[in-house]
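The same subunit A turns up in both complexes below, where it pairs with subunit B and then with subunit C.
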Partner chain A sequence: MATSNAAAHRARVRPRRPGGRIAARLYAWGTLTPVLVFVALFTLFPFFYALVTSLHRYVLTIPGKPYVGLGNYRTALSDAMVHSSARTSLIFIAAAVPLVTVLGLGVAVLLNQRVKGFGILLVLVLLPWSVPTVSAGIMWRLLLHGDFGAIDGFLYRFHAIDSYVQWLSGSKLALMSVILVHAWREFPLPVILFLAGLQTIPPELTEAARLDRASAWQRFRWVTLPLLKAPLLIVLVYETIVAISVFDVVYVLTGGGPGSATTLYSWYTYTVTFKFLDLGMGAAMSFLMAAVLFVFILLYMRIVRLREAEA
Partner chain B sequence: MQNTWVGRQPARALLVLWLVAGVAAVAAVGATARTTSASTVDLKFQVWSYSIPTIQSNIKRFQTLYPGVKVNLSDTSWFDYHDVMATKFTGGSAPDIAYSSDHWLREWVAANWIAPLDKYFPQFKQYQKEWAPYAREGMTLDGHLYGLPYYADLIDFLYNADQVKQAGFNGAPKTWDDVRKISLALKQKNIVQYPLNIPLKKDDPWLIEIFYAMVYGNGGHMFDKNDNPVFNKPGSAAEKMLQWLQNARTKWKILDPAGPESAEPDVVKTMGGGHSTFTVLAKYNLAELNLGQHKEAGHFKLALMPGTTHSTVGFVRFYAMTANASKRGSDVTKSVGKFLQYFGGKTGGKYAVEKRWALEKGLGFANLPLYNDPQIKKAINKWGSVPLEQSQAKLAHVKEGLTPFWGVWDISAREQLDKAILGQESPRAALKNMADRWNQLKKQYKR
Partner chain C sequence: MSRRSWWHTALLALAGVVLALVILVPFGFAVSASLQTESQLIERPPPLVPPSPTIDNYRYVFTGQVPEAYKQRALLRGSVTQEARVLPKGLRNSFLVALGVVLVNLTFGTLASYTFARQRFRGKQAAFGFILASRLLPTMAVAIPIFEILRQLDLLDSKLGLVAIYSAFTLPFTIWVLTLYFRSLPPEMEEAARVDGCTRFGALRYVALPLAAPGLAAVGAFSFLFSYSEFLFALFTTSTTHAKTIPVMISAISVNPDASYTLVAVGIVMSIAAPVLFALVFRRYITSGLVASLTRR
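And then the complex of A and B:
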């Protein structure tokens, strides 16, 4: 029955006139071409242009663009500042990813308790996500400023500190502040993903565990968490990708300083490209970062596919 | 019915769509052609974001005087100005006229981004004799003139005279050791916790000029006449000054620890609020401090740069005609000439725009005869001191080492200065890194 239905459907959609098939193809290509042109223009062209640039000595203020092969890659890999910024990036990733994940999971679990005013709470949680990063960065810069920051003012007023804390001027504190602001900005997405995951868990499972006298932590650890494996993996991989390429928060908050305390690899790539105007080296550094990102993107896609297969 | 839609209508619809797109494209090209052929000359003018309403008002006045010229203003942050301009010049979206600075003159000329003005407007050379030496030097390269002044100013030592008096001292500090002594007294008497405040924010381009000024004030140099670094020599004035700044922050705790996150406006705010007593900034900030809405307004004074010679940095920011404008034909070039004449030169025998900046914003000027203008004298004496300003101007020098790669070096230099002041590095190591970067760039640009 199904076969005959499919055959009937094919017969219905098959063009009656010989010119119909050509017209359909024309239609298909006609509608696809603008999209393909756009993709080629905005994705493939920049990619190959950047690749070619990375193989040339291309400094905006020096005339000529001689071919240097892998010279820019060699320079990048042996540059002390690249090493230092990569180390800072690793610290950033190691702190920011777990923080965003735990924060996102914690808030999602709380929101899943079906508390009163759930809608308002959800809006409040999503607020950081809706504020443009630059505005958020400026807001945080003013809040954290060591001379007139509102946070210091508040803490000082309530005698929590003796003198103003230099959130953005101390080497370690500055990196910590950047991580915290990044986490504040990033955690709403994990909240949504975890909340969606939590709402698919049948309540009977936790109820059964409760009847077995499992504590709240035990119910979370042995029932909820295993069922959140897929969103957890997605969040971990996605947030790692974001943390590797994060740039805007540093741009607005610290400019990579004080000294080089918050100079992440992505920020240093920007500095080399747009401040040192060394496009060749900047492109090479971008490709090195892209190689690392590529691994995580593959991992991310694999997890998403596995999840789809499971579903 | 479905067959007909798939087979026939889409082809027609597609044809109509392409036709509409084609007609729209032709119409757009036609419209552009009409704009170009119109009698009005459009000029693109790029500035950094400072007092945009005043600039717009100046443009309006200019356009009233020259109705055939339309000026389109764009602005970008001072912090990113160099980088944005480099991408505009190389990306094919260069303006016709742009703010520039002595910082970048050699770089922009070497890259062929700006045009020599004397080649197109020989009459502008007559202005040079009225300019302060540091301003003239900052706009001239290899005998060619590349700009007319927007403003020229000094890096000055500013202090809160009221607080210094409260600390038991009379008059301004003469040396950096005096600054230390007064600062410690201010701390001890609980008048101010961190008396010295300097914008150390890594992406604020003022830092390097401030450091130069401090080195000059102590009789030191940054580079020799052949543009070789001398700041890295053991025991140099630069090393002593950097060590002093490190001590000020880490040992004596007189330098505001929030300095590395403070740009020029933050420091003005902190000084105005009475939280700091001493600073080193461009002179025009004194006008803001004394006339602006600040708790301590009226208490601030100018002093000669502390040190042995009291020398300082004199700098100039100027209007430049881009190479792009010079290629757009004689109509555009002539209009740029009118613009430059109005904004950086004389109109009806008067420096209209430069005078306006001085009166309304306290900006310094390159044209020394303006000091004889009674209106200017009166305005400056409201918030500063004409005789002191003139004394400091006589001791001012242009920045040394202005090479095509100075702008790029400056970015690394600021980072190293920050590291040394914060105590992350020794002053000697930081200065060595600065010199290494200089030599690396010198080699790179020689290739």
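And then the complex of A and C:
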């Protein structure tokens, strides 16, 4: 009924405005142009510029800019430091993504329980995500400091450790610390997505399972979890994309060190570009990363589309 | 809901308390550290609650009056750093940049989204796809070219340059969320307004816009938080206090081995106050905006 009314409206409106079609098109492109110009200037143009740069040997400290074809890509793919940073990134992703996902899911299930006072937690949970990553990183840098840090201070006071632990300057520990701080900052987003998913599950379903004497774990595993498949996939892929491009936390926590213990691929790309000033190589490394990212983004879009089809 | 045993409730409450502590302790420690003197803070373990709270550190940042505690030279460390004095300027820069980006998003973003949601014309799908696809670009790849563009436009080390970059980064997201939002509104009222002689812009301004207020709040909050927090581009396109934003300034202080921890803590508190407040005020809109943008297309 409503749609046929709208159609009738439109039919009545149109004949009254001669030249309305041209005016409409002018208005449409008029409103789109500023946005298109912004986006083209800061993404389309830079994209092609970087693509061209990646095909040249372009080091700011060396004069000349010869065309080298895929030379930079070949160098990058055979460079030992690139390999080791890619490995470090893989470890980071393999640890951070499941950690963030499980944390997010756990907290979402917790907050979905009706307990008096949990309303305030729903407010608090957004905080780590809302502050600048740099601020969160520095906050943790104070807590994890190997000489004056509060965490060492209290572990020592209560005899949990015999001597101060160098959280940020031991090579294995430093990577672990970066992963934990990243997880602390990143977990609110999955919480929100999982909570939204949980709230669409009709309570009758879990109630029915309860009447069938299913245990809490069984209810979660066989009723709740299957219904959370879509948000789960979205979180996994989205967090992988975030983990591949992580940068700010490394900058303030470890600067890629000690040695190269926390030199992630994204950090090494930054180093090559801004410290070694090897713009050609840096661009090539960026595009290699972009290729990997692209696969995940396609995956992400497929999942979101599937979800839409299901709904 | 049915009965829950008391120990079950107690367990849930305990988990809730742990969660609150994990979230709040880092914030609380930063606030506490900013109210102490350096000699108190480097005790092992450092006090969780300031033994004798002092605002000397803040006074130094805002007025330049060096705290008494730093005049004892016998301390292990505790040098004040001049870098901390510019923090208020960084805060101001961050605010101006973020507000500028919000303004661009709410004007150009709204206009474009309304067109995408309500009009049919050739090239619409292509334009929409182009804008959304631009989000897929890894920022590191476009960093150098963007530096080059800013140099050409004479916008290096300027707030305007940052506003331009961040607008380009946030507009796709804004248009995505707002287009979905406008589409979800019933079109009848706008059509009635058009019949009564309202222009296209008038229908947006007087009919659709008031209804879309929650969507506008969401994208406003997002573009604010993004621009306020962004680090990489602020780091390499700015060079003086004229445009350096607060994340760039506090990162410089924190990696300076001579800077006192109490001043680092002051920097943290100054940088998180606004976003924390923002998140609390706009929580509902942020939450719904996040869910809509990440799970719908």
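Just so we're on the same page, the second predicted complex is superposed on the first by the 294 of 311 C-alpha atoms of A that agree within 3 Å, B and C clash if a C-alpha of one lies under 4 Å from a C-alpha of the other, contacts with A are read in each partner's own complex, and residues count from 1 in each chain.
FYI, a residue touches a chain if its C-beta (ideal position, glycine included) is under 8 Å from a C-beta of that chain, and two chains touch if they have at least 3 such contacts.
Only a predicted model underlies this, so the values are computations on that prediction, with no experimental measurement involved.
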item	value
Larger contact residue set on subunit A - subunit B or subunit C	C
Contacts of A:Pro258 with subunit B and subunit C, given as first, second, both or neither	first
Touched partner set for A:Tyr27, first subunit B, second subunit C, both or neither	both
Partner chain in contact with A:Gln113 - subunit B first, subunit C second, else both or neither	second
Contacts of A:Ser78 with subunit B and subunit C, given as first, second, both or neither	neither
Touched partner set for A:Phe148, first subunit B, second subunit C, both or neither	both
Partner chain in contact with A:Thr271 - subunit B first, subunit C second, else both or neither	first
Residues on subunit A lying within both footprints (that of subunit B and that of subunit C)	12-13, 24, 27, 31, 141, 145, 147-148, 255, 274
Residue ranges of subunit B in contact with subunit A within the complex	2-3, 6-8, 10-11, 14, 79, 82-83, 86-87, 89-90, 107, 110-111, 193, 200-203, 256-262, 266, 269-270, 273, 275, 404-405, 407-408, 411, 415, 418-419, 422, 424-425, 444-445, 447
Residue numbers on subunit A that touch subunit B, as the complex places them	12-17, 19-20, 23-24, 26-27, 30-31, 59-63, 141, 145-148, 163-164, 166, 168-171, 174, 254-261, 271, 274-277
Subunit C partner contacts - residues on subunit A that touch it in the complex	2, 5-6, 9-10, 12-13, 24-25, 27-29, 31-32, 34-36, 38-39, 41-47, 49-50, 53, 107, 110, 113-115, 117-118, 120-136, 138-143, 145, 147-148, 150, 152-154, 156-157, 184, 189, 192-193, 196, 203, 207, 210, 230-231, 234, 238, 245, 247-248, 251-252, 255, 266, 269-270, 273-274, 279, 282-283, 286-287, 289-290, 293-294, 297, 301, 304-305, 307-308
Subunit C to subunit A touching residues, read off their complex	1-2, 9, 12-13, 15-16, 19-20, 22-24, 26-27, 29-30, 33, 41-46, 48, 104, 108-109, 111-112, 114-116, 119, 121, 124, 127, 130-131, 134, 136-146, 148-149, 164-165, 167-169, 171-172, 175, 186-188, 191-192, 194-195, 200-201, 225, 228-229, 231-232, 236, 246-247, 250-251, 254-255, 261, 264-265, 267-268, 271-272, 275-276, 278-280, 283, 286-287, 290-291, 294-297
